[in-house]
Amino acid sequence: MLTHLLNAALMTLGLALVSLAFGLVLAVLFSAAEMSRQAWLRWPAVTLTTTLRGLPEILVVFFIYFGSTHLLFLLTGEYLEFSPFWCGVTALSLLFAAYAAQTLRGALNAVPRGQRQAAQALGLPPLYTFFHIVLPQTWRHALPGLGNQWLILLKDTALVSLIGVHDLMHQAKMISASSYQPFTWYGTAALIYLAITIISQHGVRRLQARVTRYD
Amino acid sequence: MNKTLLSLALLAASVTAAQAEEVKFVTNAAYPPFEYVDDNNEMQGFDIDLAKALCAQAELECSFHNQAFDSLIPSLKFRRYHAAIAAMDVTPERAEQVDFSDIYYENSAVFVAPAGKYDSLDALLKQTVGVQNGTSHQKYIQDKLEAKGLQSRPYQSVQDALLDMTNGRLDGVFADTAVVGEWLAKQPGYTVVGEAITDEGYFGTGFGIAVTKGNQALLDQLNEALAELKADGRYDSLYQKYFPH
Amino acid sequence: MTDWLEYLPTLLQGVGVTLWITCSGLLLGLLIALVLTWILEQEVPVLTQLAEGYLLLLTGTPLLVQIFLIYYGPAQFDWLKASWAWQYLREPGFCIVLALGLNAGAYTCRLFKGALDAVPKGETLACRALGMNAWQTLNVKLRHAGRRVIPAYSNEVILVLKGSSLASTITIMDIMGLAQRLNAQTYDTLVVFALAGVIYLALNGTLTLLFRLLERRALIFQTQG
């Protein structure tokens, strides 16, 4: 039964990593839109991220799971279906992005204006400036915040067990019900989550040490 | 990102189209003896066996999927699956959302409680009972008994509710007679309280297989196969296997 | 989409339950956080290590697992079911408040500790140099840290409010529980969940506003003091 649980833990990790990848892309888009000078870009983005941050996570997960097909049907007149896994990924990456966009915005603002001006004065092209001068510094400022949000994302994956994704939490529930040992199995699941968290924290710290090695 | 989502959606849609030959059954496998997951993580039970027999008879390729009970009808509505066989009462509300096959099992509902504690339904009225979320049982209590003081708590499955009753969290459980019967046979110390309830407005006339509204072709195939199974005795032997008492 | 007026009264019935769970959880969390922060600040031997373990365990695992562990876990032990504790643990309301409180306690302690650690070392040293004792020093630190704590704590309040929605997973009829029941019975998913979302956002907004006012008052008090 422990093997079942460990397999399910891989599912949890996979879910979290896929959501992280999508979430980071979304976060860049959200923060770009929020910092845009175009009001029609800025306001929807601000409204969306504020709303996402204010809603209970479980509501977002249910809304996407039960509501996505409904909404797509209303919009397109077509029945399109998403598996629980992809609904989970969508919900988790949106939630991640809503918070990560804030972090990125803060980090971009934290890069001193002088850096950009200096690059301009040296005649460097704008894209080169962004990718080689601004972005590496943004990354350094954003990493602690993003690391935190990754840990939150990891814990939020437990919610998708409620829409039937066979993750660690779901498996723990199944084994608890059949073995009548809920304490043992939820406890074991908790320890596995804890182990993943601790390993992640070490990883983030090493990454942090790498990006700040010139400080 | 929107493009990615869209292409994912299209991918998902095209995958469904390619597998259109397969009939995807969905159930909530936490409802023995109708449907449950055995030690090998395989779905078993009367409904599953019946559906397999129906598929064999109608020469359909079938697969089975597990979901929460309260998301069965939405997932049919949005064509996530083709059919649901889940000990589901045929009720007027549900019949607005999905189409039902002929009745394949006649049903009633009962209260169970610790033996010797409540001698009639009236004695149970000021207490708390467990029901499965989204079932006719929940609606029945909400409409008919809540005003008389009966509290209900919603559970993901009847098994969860029964477990919480044995833990002393609930005074009783309100569920399908057949499910409770199976459980009572293994649990001394618990008993049925009052008469079985057969209110057609809530529990309909029995269980039916639900299909996406308008899928008449599948409905006809299932009904025809069901009639065959009933005629040649295969239904009866299945029934005997699961409900010997 | 015409039924939303019908759903609203049902959903609003859950507001009281949600607020009750949130407030009780916050109160318990605050108590736990104060005790833990005191232990960590005073570096009480053994207790400090225990407190660190507690923080790691509670912040390193999902709240949902903690809730299930507290609600379903005790049933495994017959001696526990026979004990006096069972009359509390059998109540889902008690379990959710306990779980939220234990969880919030850990996060709030991290927050308090962070604010205290942010007080410049020089300030503490200055207090010592002035001949203040440990209590007086802590008092100075607390005043300094208080300014940072209030806005951060309002975040924690929102987190607990959002977390309270998990009460629905252990049979409690809060806003989320009622929304799930409505969804299961009417299948009107978009409207039901959107309405529930609006109610949560309204509650969040109100709480945030209250804290802004509190913050302003606290700052006035500080400039006067």
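Order as written gives the chain letters A, B and C; numbering starts at 1 within each chain.
Criterion: a residue touches a chain if its C-beta (ideal position, glycine included) is under 8 Å from a C-beta of that chain, and two chains touch if they have at least 3 such contacts.
Since this is a predicted model, take the numbers as computed values, not measurements.
Visitor: Among all other chains, pick the one whose mean CA position is farthest from the mean CA position of chain C.
Guide: So the chain farthest away from chain C turns out to be B.
Visitor: Max contacts between which two chains?
Guide: A-C
Visitor: Could you tell me the distance, in whole angstrom, between the mean C-alpha positions of chain B and chain C?
Guide: 38
Visitor: Just how far, in Å, is the C-alpha centre of chain C from the one of chain A?
Guide: Computed from C-alpha means, the inter-chain centre distance equals 22 Å.
Visitor: Residues of chain A touching 2+ other chains?
Guide: Correct list: 66, 70, 162.
Visitor: Residues of chain C that contact two or more other chains, please.
Guide: Those would be 75, 180, 183, 189.
Visitor: Give me the residues of chain B that touch two or more other chains.
Guide: 74, 163, in rising order.
Visitor: So in the complex, which bits of chain B are touching chain A?
Guide: Listed in rising order, the residues are 1, 4-5, 8-10, 12-13, 16, 30, 37, 39, 41, 66-68, 71, 74, 78-80, 159-160, 163.
Visitor: Which chain A residues qualify as touching chain B in the complex?
Guide: By the definition above, chain A touches chain B via 4, 22, 25-26, 29, 65-66, 69-70, 72-73, 78-83, 86, 90, 162-164, 174, 177-178.
Visitor: Would you pull the chain C residues touching chain B in the complex into a rising list?
Guide: Residues of chain C touching chain B: 75, 81, 86, 90-92, 171, 173, 177, 180-181, 183-185, 187, 189.
Visitor: Hey, which residues of chain A end up touching chain C in the complex?
Guide: These residues of chain A touch chain C: 51, 54-59, 62-63, 66-67, 70-71, 74, 155-159, 161-162, 169, 172-173, 176, 180-184, 186-187, 189-190, 193-194, 197-198.
Visitor: Quick check: in the complex, which residue numbers of chain C touch chain A?
Guide: 56-57, 60-66, 68-69, 72-77, 158, 161-166, 168-169, 176, 179-180, 183, 189-190, 193-194, 196-197, 200-201, 204-205
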